[in-house]
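Some structures are shown below for you to check.
What follows is a pair of complexes built around chain A, which joins chain B in one and chain C in the other.
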Partner chain A sequence: MKDHLERRMTTTDLNRMTARNVQVYYGQNHALKDVDVDILDKTVTAFIGPSGCGKSTFLRCLNRMNDTIQGASVEGQILLEGEDIYDRRVDPVQLRAKVGMVFQKPNPFPKSVYDNVAYGPRIHGLARSKAELDQIVESSLRRAALWNEVKDRLTAPGTGLSGGQQQRLCIARAVATNPEVLLMDEPCSALDPIATAQVEELIDELRANFSVVIVTHSMQQAARVSQKTAFFHLGHLVEYGDTTQIFTKPRDPRTEAYITGRIG
Partner chain B sequence: MSENHILRAFDRDLDAIQALVMRMGGLVETAITDAAHALEAGDLDKAERVRKADRDIDVLEYRINEEAARVIALRAPTAGDLRVVLSVMKIASALERVGDYAKNMAKRTQALVELGHTPVVAQAGASLRRMTRAVTELLSDALDSYATRDLALAQDVRIRDQEIDQMYNALFREFLTHMLEDPRNITPCIHLHFIAKNIERMGDHATAIAEQVVYLTTGEVPDDPRPKAENVANLPKS
Partner chain C sequence: MTAPTRSLLVADARTKARNRAEARFRAYGLAAILLSVTLLGILLVSILSNGLSAFRQTEIAIPVTLDAALVDKGGKGDPASLRATSATAYGKLIAKALKDELARRSIPTGGLSDKDIAALISEQAGADLRNRVLGDPRLVGQTVTVDGLATGRIDGYFKGRVTLESAEKDSKIKPEQLHLADAMRDAGMMALRFNSGFLTNPDASEKRPEAAGLGVAIVGSLYMMIVVLGLSLPIGVAAAVYLEEFAPKNRFTDLIEVNIANLAAVPSIVFGILGLAAFINFAGLPRSAPLVGGLVLTLMTLPRIIIPARAALKAVPPSIRDAALGIGASRMQSVFHHVLPLAAPGILTGMIIGLAQALGETAPLLLIGMVAFVRDMPGLPPGGFLDPATALPVQVYNWTQRADPAFTERASGAIIVLLAFLLIMNAAAILLRRRFERRW
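On to the complex of A and B.
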C-alpha cells in the first residue's frame, strides 16, 4: 500500500503523447520553436508561462485545433499512442474524441444536460441502445462529480446551471467519449474559488483514468494539481520537469524568474 | 537572485526579514563576547546583563517566525524565495540556541564567582577565551556567508568547526585531570566543562547556519561528511 506521499507523485513512465521538434507558424510568425514534450499516462501536466509564450498554441496542437486557424502550420511530430496525429489518414474528429478539450469559458451546447453529455457518444456511435447511452451519461456525470447535483434535472438546459456546474458539465461531455487525454485551457479562470477548488479536485480524480494537460495562468493552480510542469517562454519550452522540482529548484534562471514573479 | 520582483513589496518583505536575522546575529555575537568577558573577569554585572539581553534575542526569533509565516501565507514563495524563508527560520532557531548557551555561560559564571577563587578557573579562563573567540569568528563568518551568499565561505565554516571540537576535547582532558587530582575541583570543573561543551555546541549551530547557506544557494542540503575531530565520548579508558 503506497502512502499519500508516494501516490501524489507520477505513477507511470508510460507516454500517452510524445511531441518532438514541434514548430508552429502563424503566417510569418514563428510561434513555437523546437518543442519536445512527453505527456505521461495518468498524470496531470501543467503548461505555464506568460501570455503569448505559446503554451495554448501548443495545447491546441495536441488535438489539431490549429487546423482551423487560417495561416497556421505545424511541423514536427506529435504521436498519440505511437501514431502521428498529423498523418493524412487521421480524421481530426476521431482524434478529438480521443483527445478531449475543455475551454476557458464553460460552453455547454444550448441543449439539455443529458444531450450535452450524450452528444459525443451519439456522433461517434458509442452506444447501441438507449439504456447504454443512459449508462454513459450517468457514468460521465459521475466522473465529473456532477451527477448528484443534476440527476433530477437531466432534461433542464445545460446553460441554466451555475458557472462551476457548467464547467463540470463540459468535462463530463469531454470524458463521455472515453478519451485518452483531456486538454484543459484555463478551465478555472471564469470560476469562483469554490468552483475552482471543485474542478481542481475533479482533475485530481480524473488522473486515475486519463492523462490531463492543463494550461493555466495561476502558478499556484499548476503547483496544486499537476505532477509535471512545462514552462514556456517566447515560443520555447524552457524547462519541463516534476512540478515539485520546478517550484522548489528550477534549473533555468528564466523559470526561476517567472515562478517567483520577477518577469512577466 | 539579483533581479527584483515585479511586486516590489515582496522584495521589501524578504529584505526586512533578512535584516532581522542579521540584527539577531549581532545580538548573539555580543552575548557570546560579553559572556566570555564576564567569565574571565568574574564580572557579575556583565553576566547579569547577558542573562537579561537574551530576552531580546528570543523576541527577535519570534518576530522572524511571524514574518516568515506571513510571507508564506500572503506571498506563496517558490524556488529561491521559498529557500530564503525556510532558511531564515532555521537560522533564527540556531541563533536562539546560541543565545541560550551564552546565557547559560553567564549563569555558570555567577555560580563560579560564588564558589570563590579557584586556580582551575583562572587556568581555564584563557583556553575558554580562545575557544570563544574562535566560535565567535566562526559564527560571524557563517552570518557573513549568509549575507553575501558566499558558498565558499560557508563551506569553509563547515570545515573549521572541527578546530572548536579539538579545543573542547583538549579542555575535557584538562578538566578530567584537575578533578582526578583534587575532588575540590569537581564543582568548578563541572561548571567549566558545561561552558566548554556549550561553546562547542555554538560551533555546531554556526555550522548549521553555513549549511543553510549551502541550501539557499544550491538548493541542496550538503550531504558530504564534514571532517570531525575525535569524539570524547569514545575516548579510550585512561
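On to the complex of A and C.
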C-alpha cells in the first residue's frame, strides 16, 4: 500500500497537507496507526469508515483539536504547506485560523447571525473598519449560500435558525477567517435530506476556494461530493485514492466489503 | 394457550394498584407542600406579629423652654460652654416641662410623685435634646417642642405588651402611671409614630430599650457585604474558571476539588476561630471591624461560590468551546467571549445565595468581637471599614439575650429588616438572571 501512495504522490504537486506515519494514542489506547494521507488543493477529500475507525480522530489531528482532549498524543508528521503543524514553535491558535472546522452538530454561538460570522475576523483582526467587516460577513454568508435567507435578520440570534441554516451559518463562520483547509466532521448527520442536499451543494462550491476534508458515515455522500476518498478501518488507513476508483475498483478486500455493506 | 382478552373499559387489578400507588404518592407530595407552606406561614405570622410593632414608637410631645441660665451655664453661647451641660440636666429640664404641661392642661396626675411622672419619659430624651441644641445653638432661650421617647413600659402599654394587671406586679411601672399615659394620649400629648430611629439609631443599654436601633448593625452588615462581594466574586470566579477550564486534571487538582467541597461543609464558627487567629492575632487588625468580619465571611463564602460557579461552567455545552477553538480563538477568548457569558446566570445565582448566607451568619462574627456594644456609627469608607461595628444577625442574637421584653419586640423587628434585605438580594439575583438570559 505504501507504494500506491508514493506512486500517486509523484502525480500531484498541489498538496495542501501531508500526513506521514501518524499515530494517535488516547492514554494506552492506540487509536490511529500509520496513517499517510495527502490533502490536495481545491479538492474534496472524504474520510469514510465504520464508527470508531479513527476517521474523526484523524480529522481533529489536522487542526490540533485533539490537543484539547486530556491524554491524547499524536506522533508522526503532519505538514501544512511544508511546515510541521506539531512543531514546538507552532501556536495551535494560528493553525486553526488556517485550518477551519465545522462540527457534527450545528453549534452557532448564542449571539446574532452577524456576530457569529464576524467573530473570527474580529479576533484575528482581519477587518480594519466596520464596512470591511460588513463586507466579510456578507461574502461569507453568500459563500455559505445563506445570505438571501438571513440578510433581513442579521441581528436575530443564530440559534433561532433551522438546523440546516445553522450548519450553513457555522460554515460561513468557518470560511470568514479565510482558511486554507476546511475540515468538516459529519456536517450533515444532524440534518434532514433537504438541508443535506443544500450543504452538499455548498461543499462542491467551496471546492473552488478551499480544500475541503469531510468525514462522513454515508458512502453515497462521499461518492457525491468528493474527488478523493480515504477508507479507515480499526485505526488503520486501509485505502486512499480517487473516489471513483475506491467505489468502483477497490484494491483492498476490506474496502470492498465495506462499500458493499458487508462490514460496518 | 392464549390469555383471555380483557376489555379496555375495565381496569385490571395491576392497573388499579398502580393508580392507587400514584394517587398515594401525589397525596404525600401535596401534604409535604402544605406542611411546609403552613410552617412558613406560622413563622412569618409570628415574626410579623411580634416585630412589626418595633417600627412604631410612642412619643411624648412637650414644649420645653431652653432657659439660657440652665442650658448655657458659661453664658458664652459657644459650643464649648454648651457642652458643659450634661444630658441629665436636659432630662431634668424635660421632666419639669412635662410637669408644667400637665398642670397647664389640667390633666390629673393621680397623686404620682414628680419622679414617677418623669419616669414616663425615656432617659434618651435628654440626650437627644442636648444633641439637638449642640447642633443648633440658636435654640438657646427659645421654646421648642420636644418629641421625647416614652419609656419601654409605656410604649409596651400602647402596644398591648403591658397591661394594668401586669403593672401591679411590675416594680418598674405603676398602674397610676398607665392611667396618666391614657389621659395624656387622650389629650394628644402622647402618640404612636413611625419609628425611624429603629433603622438609624445605634444600640442602647438595658435601661432604655425604646432608644435601641439597628443603625450600626445595618452599616456594619453593609460594609461587610461590600468586602465579601469585592473579594469573593473575583477570587471565586477566577478560581472556578481556572479549575474548570485551564487546570490539568491530575491528582493535585483532584485534591483541591475535594478540599473545596470539604471547606463548604466546615461549620462557620471554625472560620471565626481562623479569622481571630489570622486576622486579629497575627495580622493585627482591630477587633469588631467590618473589614475583619468581611474577610472571615469571604473565607466562608468562597467555597460556596466556587462550587456553583464550576457547576455553571460545566453546564455550558462543550460544542461552544469547540466552535470557538475551531475558528482560532485562544483558550482565554473562548472562555471569556462564550463560556463565561453563558455561565453568568448560574454564577450570579450562586454568588447571591453565598452573599445571603454570609449576611445571615452570626457565629464567626461573635468570635471576632462584632458582638460588642457599639454606640458610635462607623465612619465613611474606607476608614469606616476599620471602625467597630456590629451586624444584623448578631444584633438579633444580642437583643434576644436582654431581659426587658421590649427587646424581644426589637429582635423580631430586626429579623424583619434582615429578611427584607435577603428578599431584596434575591430579587436582584432574579432580575440579573432575567437580564442576562434575555440577551440570547
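The criterion applied here is as follows: the second predicted complex is superposed on the first by the 251 of 264 C-alpha atoms of A that agree within 3 Å, B and C clash if a C-alpha of one lies under 4 Å from a C-alpha of the other, contacts with A are read in each partner's own complex, and residues count from 1 in each chain.
Assume a residue touches a chain if its C-beta (ideal position, glycine included) is under 8 Å from a C-beta of that chain, and two chains touch if they have at least 3 such contacts.
Since the structure is predicted, the reported quantities are computational estimates derived from the model, not experimental observations.
Taken together in the superposed arrangement on chain A, chain B and chain C fit without clashing. In the overlay built on the shared chain, the residue A:Q220 is in contact with chain B alone; chain C does not reach it. Contact with neither chain B nor chain C is seen for A:G235 once the two complexes are overlaid on the shared chain. Residue contacts after overlaying the shared chain place A:H124 against chain C, while chain B stays out of touching range. When both complexes are overlaid on chain A, the residue A:T260 reaches chain B alone and has no touch with chain C.
When both complexes are overlaid on chain A, the residue A:G164 reaches neither chain B nor chain C.
Using the contact criterion defined above for the overlaid structures, shared-chain residue A:G49 touches neither chain B nor chain C, since it reaches no partner. Between chain B and chain C, more residues of chain A are touched by C. Closest CA pair between chain B and chain C after superposition: 33 Å apart.
On the side of chain B, the complex with chain A involves touching residues 1, 3-7, 10, 76-83, 219.
Chain A contributes residues 219-220, 223, 247-250, 255-257, 259-264 to its touches with chain B in the complex.
Within the complex formed with chain A, the residues of chain C that make contact are 248-249, 317, 319-330, 333, 337-338, 342, 440. Of all residues in chain A, those touching chain C in their complex are 63, 65, 68, 70, 93-97, 100-103, 105, 107-111, 119-120, 123-124, 157, 159, 170, 173-174, 176-177.
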